[in-house]
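Letters A, B, C and D mark the chains in the order given here, with residues in each chain numbered from 1 onward.
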Amino acid sequence: MTDSILTVSDIHKSFGALKASDGISLDLKPGEIHALIGPNGAGKSTLIKQIAGGLKPDSGTVWFNGKDVTGVSTAERARLGLGRTFQISALAMDYTVLENVVLGAVGQSGSAFSFFKPAMKDAALLKRARAALERVGLRKREETITSELSHGQRRQLEVAVALTLSPKAFLMDEPMAGMGGEGSKALTGFLQELKKEAPILLVEHDMDAVFALADRISVLVYGKIIATGNVDEVRSNPDVRVAYLGEEDAA
Amino acid sequence: MMRERHINMIILALLVLVPTYAHFAEEPFTITLATRAVIFALAGVGLNLALGQGGLVSFGHAAYFGMGGYAMGILASHAQNYEPIMEVPFLIEGTNSMPVIWLVAIVMSALLALLIGALSLRTTGVYFIMVTLAFGQMFYYFTISWPAYGGEDGLSIYVRNQFPGMNTLDPIQFFSICFVLLCAVLFLVNRLNKSPFGLALNGAHQNEERALTVGINVYRVRLVAFVISGAITGLAGALFADLNRFVSPTMFSWQISGEIMIFIILGGVARLFGPVAGAALYIMLEHFLGGLSEYWFIYLGAILLFVVLFAKGGIIGKLSRKEISHDG
Amino acid sequence: MHAFRVLGAAGIMALGLASGAVADGHGGKVKIGLITTLTGGGAALGVDIRDGFLLGIKQSGNDGIEVVVEDDQRKPDIAVQVADKMIQSEKVDIMTGIVFSNLALAVAPAATAQGKFYISPNAGPAQLAGKGCHENYFNVAWQNDGPHEAAGAHAKKLGFKNAFILAPNYPAGKDALTGFKRTYEGALAGELFTKLGQTDYAAEIAQIRASGADGIFFFLPGGMGISFLKQYAGSGIDLPVVGPAFSFDQTILAAVGDAALGIHNTAQWSPDIDNAANKAFVETFKAEYGRIPSIYASQAFDTANLIVSAAAKADVKDTDAFREALREADFASTRGDFRFGNNQHPIQDFYVREVIKDGDVFTNKIIGIGLEDRQDVYAAECKL
Amino acid sequence: MTTLLLIEQVLNGLQFGVMLFLMAAGLTLIFGVMGLINLAHGSLYMIGAFAAAAVAGWTGNFFLALVASLIAAAIIGALIELTVIRRLYDRDHLEQVLATFALILIFSEATRWVFGSFPLFLNIPDVLNGTVTLPGGIQYSLYRLTIILIGLAVAAGLFLLISKTRVGMRIRAGENDREMIAALGVDISVLYTMVFALGAALAGLSGALVGAIQSVEVGMGEPVLILAFVVIVIGGIGSIKGALAGAILVGLTDTLGRTMLPVIFGTFMEPSAATTVGSALASMLIYILMAGVLLYKPTGLFGST
């Protein structure tokens, strides 16, 4: 496990009687896309929050880049290099595209407490921001107000903002949701490239995408990981078929 | 359609021209009104940093306004009576020098804002509004019932404090001092809004999750903004006290907090010049509506209601036909 | 700020006093700025002051007097601003009208410092009566302590041995209790400061009941007094109560109702004072406004007549002569004899009044004298 | 301070708390269901008191006056909901605060315009006048006991309404999910108007009840409004249970604080200083309480996160 970027080990989280995380362990290795799937209510979002930092587990630890980050804030984890995208776009909608990525660069550079120099004229911030936009292909839209972007473009922008952090790992929550076939395809190719730079923990509903993309898959049901393995292993796992795929692959 | 920047320039120009005209037409009261507008604008610019840029709806900014006022009142009253403020462990004397008073007002209100902000920012939404209101009320009742500095009677300072090289009792000169301060603060706040800090503050307002996940310590950014905001409003309080040569607990009252918010919404939330336009408009409404009827508050209420319901973006928003400010 | 000009003091218009042609050099004319509370809490007092004052001016028939009325909203900063306006743009000669001490303290010193007369029709804070007295500051009502001192003297006379006293926790409240104690001299069963604006007094009433007091003195002006009296009446405690007139005034008696009946209160004026000036005043006030005048109206009426009397003797531009004319106080006061002490506050009798029901209307009638020819204690500190 | 006096003061605190609850219940209901901060709630309280005073003046009947206060406040409440308030549901809190602040200005001055500047007369009815002797020999005002009972009855009624009736189910659904309830075919705008009118009526009733032992005057609503806000913030905004708990906590803290603090300070300070310091601290006490509660639990005692 020493080469894992991200290691979740035996975390528990309960809300009253509901065990949302019931002894979950998983890890993310360099260069891989590790997909997390599971039916609604399986506890995916609770798990993500514990990994990203919004929620503290009752017990268990989260290691990131060789450091125990269990009690560390969201912002601190981001500065350590955890890049995150959201299911519902979390962007500053009134900002331009460029301002959003510069915001990412501000966070990355730790310059949020510099008070006098205009952010949008700071060469270092702009360079980092534009490089990220270039990567996702939004360089030409940098003056557009974010709320005017299409759904797919917002997704791209989310990735670009995460890229400004030069992350050591990505945590992506349903990046394919609501994308058309073309967009999905393009994004799939992009993620395949991206994983070489930093591994991706991918939470995804879109099974086709998951099977096309993932190097490994973990299946979460009722707060427990019932299976982890490559696509074929998971496909053939009887528990998974019953608990989850059974519904999807009824035909 | 006018650019917001042009509108801002026109507002500033009017703020200079009207009192200048009044000076030569020998209508000192008009200068007093303009000074009042400038001081209220300054208070509004302070609140707008927290409220407009940061989305922190503070209903208790009267606390800093009052703190600034009392900084002036206490320093000047000790100077007036030739009594030191304290002698042990070291001697602190009163003063009637404006720059010193401003400095003390800024520092004291910043400290107060640090204290209140550190506690209040743990809450969000309505709770934040209400807890800031409660802190304001706390100071209001404290100043009323604490006898040392006049209680409800307040403190009268018979002569306006001094500024090197100026005759502060001359209305136009005092106006100039206030106006220059307003311009300086507008310049600084403008730089602040455009700085990485401003980007982070407003970014956190638009989407807190996003700011957190790019590694910005949102709580600390907000706290710093809240402190700067309180300090600016405190400076305005010190000037207001000097304008009236009087301070009293009403400076701490929740109606003052409400009025400062009204300047912002009348002018346009999160616009650099929103509070300036709003305060000027408010003073004009007060002046002219007050002449119409004993019940002029009804009209004021109706206008305010109209602006809130139908004129999002305030007057600057209406004039520039743009609901959201981008270059402000 | 609030700037409606009551030319609507319809009477003035009717008498053809005209707009005074707002010219600057009004030779022989007098321009008066009346700042009082006309909106929000306390407006009832301000309205009576305005009405009483304008009635006095109207009856004088002096068409050289112009009055500008403005509202202070009971906010000191507004009062200061209005005062600036009156001095700077209206160029008034005399200012008057303020109801509340804290507002008077904000305005009067500034006005007198700029060479204007300030003639107080109501508030009489100690600061302006003692060391801070000023040759251009006159008070026609009382120094704040007066009614409380009279109440103290009356409590002593009633044989209070163990009084319970309470007032709001603000400077005027503290002065009230000090004033009471100055003349009462007996023991205290309890002394309480309530929150300014407090409306529920159940806890205080319980303390009174438990204290073993033999009498109560309270100073709770305006709505606070109404609340206290109603709640006290329902408490079943049956101790004698004395207080200054502020909680038993015409402006609020109707709202208190039976709860105030029979209570002794102290004031320098009462609608039933038996002199020609007062009878005429009460009658004409009723005819003009359809209600019995309050103590505030009477003070404002006296203030108006004082100014009228001085204007008949001297030009207001001749400040020294006009001041002398004011000092003589050569007018028919509703209180009967009227004279100023060295600090230009009245030396006067304080009556004890009892709340009665006259037909359907609650009002006061005099039952004795609390203090005779009383001068405030601060006068000695005044160097005039 | 004797035990008996202490018990009486606790009763007074309870009673003050119940008075606050009547006001706070409507406020928290409106916030809970519609997410609206209504500063004009104090104006509805004032309208209730003025309507009661006017009707009591005409008819001499206190109970008619109470009914009038309910109806007047409910009607005015429904009117402002239809014209102004419903435009504010989707707005942010800042706009809600300012719009309802504007309503305060309008209502206060309009009331003064109609009724004049002088306080009105409203007294407790003869049947409720006087005191009763409680066990232990405490003499307590019958009217105040009645207020406690009415307040508790209102609390019980609201609990029943929300937990047991169809309307209550809709209200709870509305709290959780506006779209869901709209999809069920319930006309949500009618429901909102009804809830707002109900909250207004409660404010009006408390204005009338309290008006009988206090001063009925313009501006009477704002101090109690701020107290009611403190109450619901302490209790957790949107929770009726929280409003009741918060109201009683505030009532007890304020009453016991202002009677006991000067005594406590008197044990180690000279009397006049103790009175000054004690009274000053007492006037700030509930705000300190509120800050303390929020530090411990940023969404109030019964607030949901």
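What we mean here is this: contacts are C-beta pairs under 8 Å (C-beta built on N, C-alpha and C of every residue); 3 or more make two chains touch, one makes a residue touch a chain.
Just so it is clear, the structure is predicted and the values come from calculations on it, not from any experiment.
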Common contacts of chain A and chain C? B
Per mean C-alpha coordinates, the chain lying farthest from chain B is A
Taking each chain's mean CA coordinate, chain B and chain D are separated, in whole Å, by 32
Length of the line joining the C-alpha centres of chain A and chain D, rounded to whole Å: 47
Between chain B and chain C, what is the separation of their C-alpha centroids in Å? 35
Calculate how many whole Å lie between the centre of chain A and the centre of chain B, each centre taken as the average of the chain's C-alpha atoms. 43
Can you tell me which residues of chain B touch two or more of the remaining chains? 141, 144-145, 147, 295-297
Mark out which residues of chain A touch at least two other chains, giving numbers and ranges. none
Enumerate the residues of chain C that touch no fewer than two other chains. 38-39, 169, 193, 195-196
Pairwise touch list, complete, is A-B, B-C, B-D, C-D
Per the contact definition, I'd like the list of chain D residues that touch chain C in the complex. 1-2, 4-5, 8-9, 12-13, 15-16, 19, 108-109, 112, 117-121, 123-124, 129-131, 139, 141-144, 210, 212-220, 223-224, 255, 258-259, 262, 275-276, 279-280, 282-283
Given the complex with chain D, which residues does chain B contribute to the contact? 51, 57, 59, 119, 122-127, 129-131, 133-135, 137-138, 141-142, 144-147, 254, 258, 261-262, 265, 269, 295-298, 300-302, 304-305, 308-309
Contact set on chain C toward chain B in their complex: 1-5, 38-39, 71, 75-77, 80-81, 84-85, 88-89, 101-102, 105-106, 109-110, 113, 125, 127, 169-172, 174, 193, 195-196
Chain B contact footprint on chain A (complex, rising order): 52-53, 73-76, 78-79, 84, 86, 90-96, 99-100, 102-104, 106-120, 122, 125, 145, 161-162, 164-165
Of all residues in chain D, those that touch chain B in their complex: 31, 37, 84, 87-88, 91-95, 97-99, 101-106, 108-110, 112-113, 226, 229-230, 233, 237, 276, 279-280, 283-284, 287-288, 290-291, 294-295, 298-300, 303
